[in-house]
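Both complexes below contain chain A, partnered by chain B and then by chain C.
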Partner chain A sequence: MLDLLRRAQSLAALSGILLLAILISPRAADGSRIFLQPGNLTDILRQISLIGIIALAMTFVILTGGIDLSVGSLLALSTTLTAMALTRAWPHAYYTSHILGAILAAVAVSTLAGALNGAIVSALRIQPFIVTLASMIGVRGLAKWLSSNENIDIGFGRDLAAEFAAVFREKAIVIGSYACAAALFWILLARTVFGRHVRAIGDNEKAAQYAGLPIRRTKIWVYSLSGLLSGFAGVLYAAENHQGNPNAGVAYELDAIAAVVIGGTPLTGGKGSISGTIMGTLIMGVLTNMLRLNNVDSNVEMMIKAVIIVLAVAVQRGRNSIS
Partner chain B sequence: MTAPLLEARDIGKHFGGVAALRRAHFSLLTGEVRALIGENGAGKSTLAKILAGSVKPDSGRILIDGQPAPISSPLDAQRLGIGIIYQELDLFPNLTVGENIVIGNLRYPESRLVNFQRIDDFCRPFLEQAGLRCGARRMAGSLSIGEMQLLAIARALSMNARVILMDEPTSSLFDDAAERLFGLIRELKGRGVSIVYVSHRMDEIFRISDRATVLRDGETVATVEVGATDAAEIIRLMVGRNLNIAARPYRRPLGEVVLEAQGLTTGKLRDVSFELHRSEVLGVAGLVGSGRTELGRALFGLDRIRGGAVHFQGRPIKPASPRDAIRSGIGLVPEDRRLEGLMMHMSVTENSTLAVLARIAKRGFIRRRLEISGLGPMVRQLALDCPSLASPVETLSGGNQQKVLLARWLLLDPDVFFLDDPTRGIDVGAKQDIYRIIDGLAAAGKGVILVSSELPELLRCSDRILVLSNGRLTAVYDAKEATQETIMASATNFGTSSRQPGPLTGKDAS
Partner chain C sequence: MAAGLGAALFATSCASGEKKQLVVAFSQANNAEPYRAAQNALMAKLFSQYADVKLVISDAQQDNSRQVAQVETFIRQKPGLLIVAPNERAALTAVMGQAMESKIPVICLERDILQPNYTSYVHSDNVAIGRQAGMFIVDHLTKKYGRPKGQIVAMRGLLGVEGEINRERGAKEVFDQYPEIKIIADPVADWIQAKAKDRMTEVLRAQPRIDVVYGHNDPMAVGAYLAAKELNREKEMIFVGVDGLGGPAGGIKKVMDGILAATFVYPLCVDKAVEIANRILHEPRFNADNDYTIDSIMVTPENAAQMYEKFTVGN
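Right after this comes the complex of A and B.
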């Protein structure tokens, strides 16, 4: 019942913004609303996909009462590694296996980095904010060092790297990846033992210890998943931008955290949902699109987003104090 | 007599859709000790919080000395001379004793800089009055729970309180600290301070209070002269029915030894040895700080075992974590259910099955039908009263929360149960249910170690009673022969006496 109400509220907020976007949408030459054009709607979905994917795992991290500031840097590392593997490594490999190898290598490295975050958080009992702040700095440094601080261009020719980019920047592939990841993480949280453990640890870690739950293992997995999804988002980033950019993903962690928080997961953890995070991501995406269609200055856009974040959390607080 | 010092009329308060108070009446005379009693959820804590200004009532009026006195904040209450001592003591552990007294205190003249000398001077008389023998510069967090309570009283006194509300002040005290508190209450009464005493414990009410106000379902049922009534009458008023205090159950013969500790030594425990048999309830008595909780921590892998050995069914074990201990077959129901036991935002079902998810899952996926169907018999066995199995446990009463926590361990079904004060702060009816569960565990061949602050409870439930004092085992009694006096004597025997511990094994004792 309460859960239904929570979902309904996120949904109501999203509907409100959608309605507003439709109402104030500029019109095309034929009189139709530009916002509602299929091309625009799918553009929104593609634009939110990277942050959306990262926010899915961020939800798990925040549910355990943690935070992962390193996701933007992990994305940069992964995007750099993808581009390097495609353009510089394995010159004699076959097309498909070369592409798959590049993706796997990039994702594996960022997953391992995430696992290291989790291991340090749980074994040394250092606050996740500090640990991931350190790795946000360190991993960014690694990405820049590996690429000598230069963009690695993938190009638009007919070579392997360009083929990769052509496939993985397809709207269907990008949006489909987000949809699949969302479905998987939804099931993971709602239906599995792992998901139950994640919520229990976030709600009361001491009680979780007394109940004999595998706290360390769960946390390492949670941060690994965060690394994995950031790495995957990095692969998509490389394709979309035709380059591996060690300076990519700056402040992505903040957008992802904002989406999670707007979706109703408090930073103290313990309660929240994937559906909420998806709503939060969509709210931010539609808002951005609406403002840009109406030629609102991007700096003003940031100010409006700031208000939305505070408003969303204020509404949630009000609701909680009633119950 | 004159107009009442404090009067509350028709107080109503809702939390969400739930009525905590409907039409509560309350009036208090100067220098009176008044017990405020009722089952959990009856509204006594809410009423106390309203009088102290930390909760705002929806309706009703409060009068002081016959004059309307709107109380809408703790500061208002302080101005009107009402002090409160919360069950969860609201102290700042990282500030000094003195700072705790002067912070937010209207009587302490404000200054921009902290002047410890002035704080010392201000606090000294009140610390003396409260009987807290410690310097004002000691950190509050280093005090024992009993001392913290005295500090809270000193704080109320320093605010010149004419009324002090105490919300279950003895729920975490052992009898000696409670004894000191009672002495202090008598002294305060002698000086004309009125005390409102919220409690579950019948014996205390008869010892210290003049009158008792009984609440039931948010309404005032009656206010009775304690001298002219008895416990059965008050219990009848509380529950609205006659409740027979269950007789001591039939004791069954003990089974084999399931758990054995030899010379167990940790940071707190010194050389503790005992045997626990199947079908046995082994009571553990001791003052707070005696090592009774630490005994559980050692067996459950939370404290490092520095010396001695623990055998489980003859095999030596050395649990390094609760996970380890659970695998060996030991379960522990912790003392503080909110802090160490329950996930307050999660549902009754999720809390109950948390430790046995592996059993009801297939390839990592929780089989939800199996999860819920497995819980049905448990809910009936525990007489669990909740709106729905999907309700978050934070919405349940203390007694029902405790039952959910017990359900978790009953489902896990270990061979040894360590129950650390399982009836702390819960109502009479739920206590009886928990005694029944403990009897049932023994009947099912489990070994049960029961820690309790209430001696009658230990005498009611146990086969044998271990007494700990200052980390050492000072006596072992057969529960049939022990009395509250003999147990108290052993519990306060601080290592100076040369008295030998009693017989150590069940066979010798029986």
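Right after this comes the complex of A and C.
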């Protein structure tokens, strides 16, 4: 019941902002509302996809009562590795296997880094904030070191790397990836034992421990998933920006956390949903698009976003305490 | 709150809809850099002279994806002209191509992109600036010692950035011709004054004699000066910078104050961009060139006051 209410709350917020965006949308030369143009709507979906993908796994992390600050750096590491593997490694491999190899290598490394986060959090019992803060710094250093501080250009030629970028920057591929990941993570959280464990740990870790739930293993998996999705977002980032950039993804962790929180998952964990996070991501995306279409000053944009974040969370808390 | 906000936004969008205006959309890479803030200010000032032109500036906050998204949004709005100061070459290439495909004239400002997806590219030349700075330093050393010899500290900006690479390359081309001129230290200070002060302090501890500090931007040269002053060694050497921004915080003022021996103006490129933009908007027959290179200007105590007037926006 409580969950339903919270979900209705995010949905109401999203509907409100959508309505506002439609109402105040500037009009194109033919009189139609620019906001509602299919091109603009798919622009929004593409633009939120990377943060959206990262926020899915961030939901799991936060549900366990943890946090993952390293996602932006992991994205940078993965995007750098993707570009390096495409432009510098395996010169004699076949096209498809080379591209697949590059993607797998990048995603595997960031998944491993995520697993390491999880292992340290659960084995050494250091607070997730501190562990992932450390890896946020260290992984960024690794990405910069690997690339000697350089952006690795993918280029626009007719070669393999350019081909990769051309395919994976397609709107359909990017949005489709987000949709698939969202569906998978929704099932994982709502319909599996693993999902139940994730919630139980965040709700009351002591109780979960007494109930004999596999706390360590679950946490390692959760941070690994965060690494995996950040790594995958990094692959898409490389294609979208035609480069492996070790400085990519700075402050992405904050955008992802904001999306989760606006979607109704409290930082203390235990309760929350993937659909809420998706709505949180959409709210931020639609809000950005609406303000930019109306040419609102970018500093004012930041102030408005700040107000929305606090409002969204405050309203949900209010409802909770009433019920 | 949302309703009030909506009403306010609605009011502004209605008001702008009443008059037929030419919109110039400017996608800026990062407002937080003083150089770019100066670009914004000058652009606003120059466009404000045209009553029928409305300038809209978006700030990508140094994030490629954000800038791509902002340019995409601009394309939807179909402005009369788009100016892009790309955060990075590769990331913005495709989306600027989309703008061209949508028949929006595009001016690429200061940084280039991988394909010529623009109507005009207005830029300066960092290698040439590096060379000018190098020659100034060689002249100074020749006067000091009777022949070209001396010890130089280079303060480097963020590694891998075009400006850093080429300002260094240009100067090194000159220094390499004189075997007795040596770069004895080249710490990295990421363009930041506070970091430059720390890095210079370490260099000063290690090096008993320094003739010249060449900062790849003015704030780093100033940071190095502050470090030397703290150890009472600022008279031993000269400080040379690049950027030459106007205003009380800019490098030109530092030359007037006797802190920098010289700075080399890295042109904002905005005057030219606005000139071309207005001609594209108002003269249907105008055919813009593909490439405009803007020369640097050397600022020394002799011409600093005059340059300060010229490059200080506002008043």
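Methods note: the second predicted complex is superposed on the first by the 323 of 323 C-alpha atoms of A that agree within 3 Å, B and C clash if a C-alpha of one lies under 4 Å from a C-alpha of the other, contacts with A are read in each partner's own complex, and residues count from 1 in each chain.
One rule holds for everything that comes next: a residue touches a chain if its C-beta (ideal position, glycine included) is under 8 Å from a C-beta of that chain, and two chains touch if they have at least 3 such contacts.
Remember, predicted model here, so these are calculated numbers, not experimental data.
Asks: Here chain A is shared; do chain B and chain C fit on it together or clash?
Replies: fit
Asks: Which holds for A:L213: it touches chain B only (first), chain C only (second), both, or neither?
Replies: first
Asks: Put down the vertex angle at chain A formed with chain B and chain C, C-alpha centres only, nearest 10°.
Replies: So the angle at the centre of chain A is 130 degrees.
Asks: Does the superposition put A:V167 against chain B (first), chain C (second), both, or neither?
Replies: Neither partner.
Asks: Name the contact category of A:F156: first (chain B only), second (chain C only), both, or neither.
Replies: Second partner only, chain C.
Asks: In the superposed arrangement, which partner chain does A:K271 touch: chain B (first), chain C (second), both, or neither?
Replies: First partner only.
Asks: Return first, second, both or neither, reflecting whether A:Q37 touches chain B, chain C, both chains, or no partner chain.
Replies: So A:Q37 only meets chain C here.
Asks: Between chain B and chain C, point out the one touching more chain A residues.
Replies: Of chain B and chain C, C contacts more residues of chain A.
Asks: First (chain B), second (chain C), both or neither: which does A:V193 touch?
Replies: In the superposition, A:V193 touches chain B alone.
Asks: Touch check for A:N294: first (chain B), second (chain C), both, or neither?
Replies: After superposing on A, A:N294 lies in contact with chain C but is clear of chain B.
Asks: Regarding the shared-chain residue A:Q47, is it in contact with chain B (first), chain C (second), both, or neither?
Replies: Touch partner of A:Q47: chain C, not chain B.
Asks: For the superposed model, what is the least distance in angstrom between any CA atom of chain B and any CA atom of chain C?
Replies: 27
Asks: Do chain B and chain C touch any of the same residues on chain A, and if so, which?
Replies: On chain A, the chain B and chain C contacts do not overlap at all.
Asks: Can you check the complex and tell me which residues of chain C touch chain A?
Replies: 1-2, 5-6, 9-10, 12-13, 17, 31, 56-59, 61-65, 68-70, 72-73, 76-78, 88-91, 93-94, 114-115, 158-160
Asks: Can you tell me which positions in chain A touch chain C when the two form their complex?
Replies: Residues 16-17, 20, 23-24, 26-29, 34, 37, 39-40, 43, 47, 50, 148-151, 153-156, 169, 237, 240-243, 245, 248, 250-251, 288-289, 292-296, 298-299, 304, 307, 311.
Asks: Which residues, counting only chain A, touch chain B once they are in their complex?
Replies: Residues 2, 191-194, 196-197, 199-200, 203-204, 206-214, 270-271, 322-323 of chain A touch chain B in their complex.
Asks: Hey, which residues of chain B end up touching chain A in the complex?
Replies: Listed in rising order, the residues are 16, 300, 321-323, 325-327, 332, 334, 339-346, 350, 354-355, 357-358, 361, 364-366, 368, 392, 408.
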